[in-house]
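Provided herewith is a single structure, encoded as structure tokens, for subsequent inquiry.
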């Protein structure tokens, strides 16, 4: 009688422990062979332009946190157009890559909270690569990305605290990263399974290096103006040119 | 604990099979009582530890704690206590203390041990069910603690767990799996307590010894019996609420989700529910719960005061009716937790009137305790000290209920430290003093040995003064407007003046917590090295003092006691001794 | 033995002194109903203070007067007359407190705000407050939760953090502010709302507090009598940074309020 009861108890507790540890965690995809550069890679460079008038500057109301107010004015930066060039467009290779897995870079992608703003606003990161979040502000932040595919997380980073390191395990374009303490703050993370992505700079330029020769489909994403696609052929050891143009209608 | 069975040669336990003997022991209400006792002791230590962590952040919010970071790396990054850790501590401290200490120790531990004995029964009516209740409670405790170790952290919704914060996983760290484990743990606890209550009620009604009329039961038994009635009716409601919330979280129902919610910029699907529904269900359980926590202690205090003042309880019948009144009215006032929740303000008036009405039986009980002491010949043993301490603390905690029970004043004090001070004085201290009194009083009977009186008195003095030093200032903070559940108040100018008070409270808390180590030392020293106890060391009149020490497997060595007297026949005029036991003809 | 009585008396006296000391008393209060609340509080504290003191002193006396040696204690099982007396006295006091408290509650929560009250919508979200004024047309634009846009809280932004529907003309002149600006001496009616979880709008200086519940619009009215800046805190656990959900109540003179309002109406983005 004792052993039967003990067995049932043991089974019950084991089930609980099992269920407790069973969570929607990191899914490890079946390992495809690791891609190695052959030495004949090409590059893609391009410029992203914007047709139309740049929208008027709108000043953000930071008065609910006096620590933020003291750091100077901030403006809504959903559309940053300088001389007709569009910044903060995330460009990545959507298809055409060989069926392989790509080595996770050791380098971290740094996302800083400075002036009560995420700097940079748009980041690209590979699955499994380390995202290093730093708080350069004299105030507390609450980092809360709201992914649809990856696991949700929500953490406070206090003034003066060191960096937080996180990883995304599944490709997802784009994940909004918000601060719940300063709701005007937003960053976007484009998470892809390979290192072939870039974010357009203030002069609209971007470059993706080290692509094996082949036919690719590139996708450019802007948080307000939507998505544009482009098919491009990359030849050995050459720079292919890929330009995108967005306009206010989003077409 | 081995000594129990060695000195306890029962002629009935001749079974050779170890399994059956183990089963018989595990269904013994006395063993179950002790199991609950040690469970709640463990829980209390954890709860106190958590409360110290809470105090640390209140007093020194920007301090770095490298030692704590080594133990809790996620909770103390760079040595700074994270707000999510603080809120998880607040949530767990409340849950562990209210459920695992204040519901388990007075009722399940001492009640299980002494109810059958004090009414002259051999055993509870459903011993196997009783055993299952304990193991379910233990399981619930393990699940509850496991919520802290989950990725994502422990839940941060407070022990009150209001949705939508607790219904939407992305509304806060720990509100994912951590919250699920909490709900599961509570649901299991509800079931266990419900089953335990069934046992208490049926046993009290059916197993009293001949002559043990209901109005001859000691007030401890009344306390346990009435508490069991409350449990029976209140816990199923919490169980229902927890089930509905789990359903909202996982089965896409929307009992508590009103729709149109946007958490961190993401729309939450579903709608048609009301967050107020949770509050009604929770507090319909939650208010009787606090009476559940205090009534057994009230019974113990009545017993102990009578025993050591060598006088009967003043107004025994009134005491019984007062407890019944508290239990009945206790179910009618849950809305006083919701005066400014969005509930119709007109209903608030009814709840407020009822809240102040329940002050009357509580006050009457207090006066009766004073009446019990008045003109007595007091023996100031450790259990007596704690019983007197209970009365003092119950007065202090009870009077502020008159402030909080008024609707308009609640607008000033709701969710401030004034509330925290009020309920800590009543539950966190008075009820705990009831547990201490019971422990010191019944330790000799349960374990066959005496605890040290000298060390016990030291424990009392440090604790009694310490808790006043901690919790009276809470009321001051509440009057200044300090809200509850704030990891720190650095953002607010109007609270800066309270910083020195926070430090004073924290130091008092550390000292008082350290004083509990004295109690632990006394307890374990007593278990191993205590002087052997006689059958009736305190010269008490109730039935447990007629048994062997500790009592044998069937409590009364095969002979049911015949009860001839009321309890509390102390200093009867004309009697030879200054006490007459209930079995004396 | 008598030490216990003395300690209890000392504690009773110390507690009373602590409550009487003004050092950490109630914050200043500037609402028209504040005095009534503070008075009710003081009366209640005096009543319970007296009760507390008497009870603790009685406890000490009971212990002090303990019989010693061979003296027999009084064998008393109770006394109906005493029981009735103190039950009735206590019941009378408690019911009196309850009833007087309700008149105040009636004034605060059961009455409609005066018809000329300024309507201001207060919306809580994790972890900021927004305050919305209806503008010249006196009507609030409709809110669509699907349009919430926290990233643009600039002046005149629509939808903005409140999700004001750009297609609704009533919303064109809505003024959204991150501090609560009101004129002194005029009744204000707040409409409390929440976007995500339960928050609580608490202004210590106004003795005003009420939950902001998602799915409900709760009316709360007050009249501020004295100019100044006062803090607003959240008083219902709403998540990680619940303790940093601070806003300012800015009570201005009637003239200053009007010029502030005019300026906000003018500075809207077209």
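Should a chain be cited, it is by its letter among A, B and C, assigned in written order, with residues numbered from 1 in that chain.
One rule holds for everything that comes next: contacts are C-beta pairs under 8 Å (C-beta built on N, C-alpha and C of every residue); 3 or more make two chains touch, one makes a residue touch a chain.
Treat the numbers as computed from the prediction; the structure is a model and nothing was measured.
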* Structure fact -> Most central chain, judged by mean Cα position vs. mean of all protein Cα atoms, is B
* Which chain pair is joined by more contacting C-beta pairs, B-C or A-C? -> B-C
* Asked: Counting in whole Å, what is the centre-to-centre distance of chain A and chain B, each centre being its mean C-alpha position?
  -> 49
* Asked: Distance-wise, how many Å sit between the C-alpha centres of chain A and chain C, to the nearest whole number?
  -> 43
* With chain centres defined as C-alpha means, what is the inter-centre distance between chain B and chain C in Å? -> 30
* Asked: Which residue numbers or ranges of chain B touch two or more of the other chains?
  -> 83-84, 172-173, 263-265
* Asked: chain A: which residues touch two or more other chains?
  -> 140, 154, 156, 178, 180, 183
* Structure fact -> Listed in rising order, chain C residues that touch 2 or more other chains are 125-126, 150, 239-241, 244, 246
* Enumerate the contact residues on chain B facing chain C in the complex. => 83-84, 87, 156-158, 162-165, 168, 171-173, 258-265, 267, 271, 274-276, 309-318, 340-342, 345-346, 348-349, 352-353, 355-357, 359-360, 363-364, 366-368, 370-371, 373-378, 380, 385, 388, 391-392, 395-396, 399-400, 402-403, 405-409, 411-412, 414-416, 461, 464-465, 468, 472-473, 475-477, 479-481, 483-489, 491-494, 497-498, 501, 570-573, 578
* Which residues, counting only chain C, touch chain A once they are in their complex? -> 125-129, 150-155, 157, 161, 178-179, 239-241, 244, 246-247, 269
* Where on chain A does chain B make contact in their complex? -> 1-3, 5, 9, 12-13, 16, 20, 23, 25, 140, 144, 146, 152-156, 158, 160-162, 164, 176, 178, 180, 183
* To do: Spell out the residues on chain B that touch chain A in their complex, using ranges where they run on.
  => 18-20, 22-23, 77-78, 80, 82-84, 135, 139, 142-143, 146, 150-152, 169-170, 172-173, 176-177, 181, 263-266
* **Complex contacts: residues of chain C adjacent to chain B** => 1, 4, 7-8, 11, 14-15, 18-19, 23-27, 37, 40-41, 44-45, 47-49, 51-52, 55-56, 58-59, 62-63, 65-68, 71-79, 82-83, 86-87, 90-91, 94-95, 97-99, 101-102, 104-105, 108-110, 125-126, 145-146, 148, 150, 195-198, 200, 202, 204-205, 207-211, 213-216, 218, 231, 233-244, 246
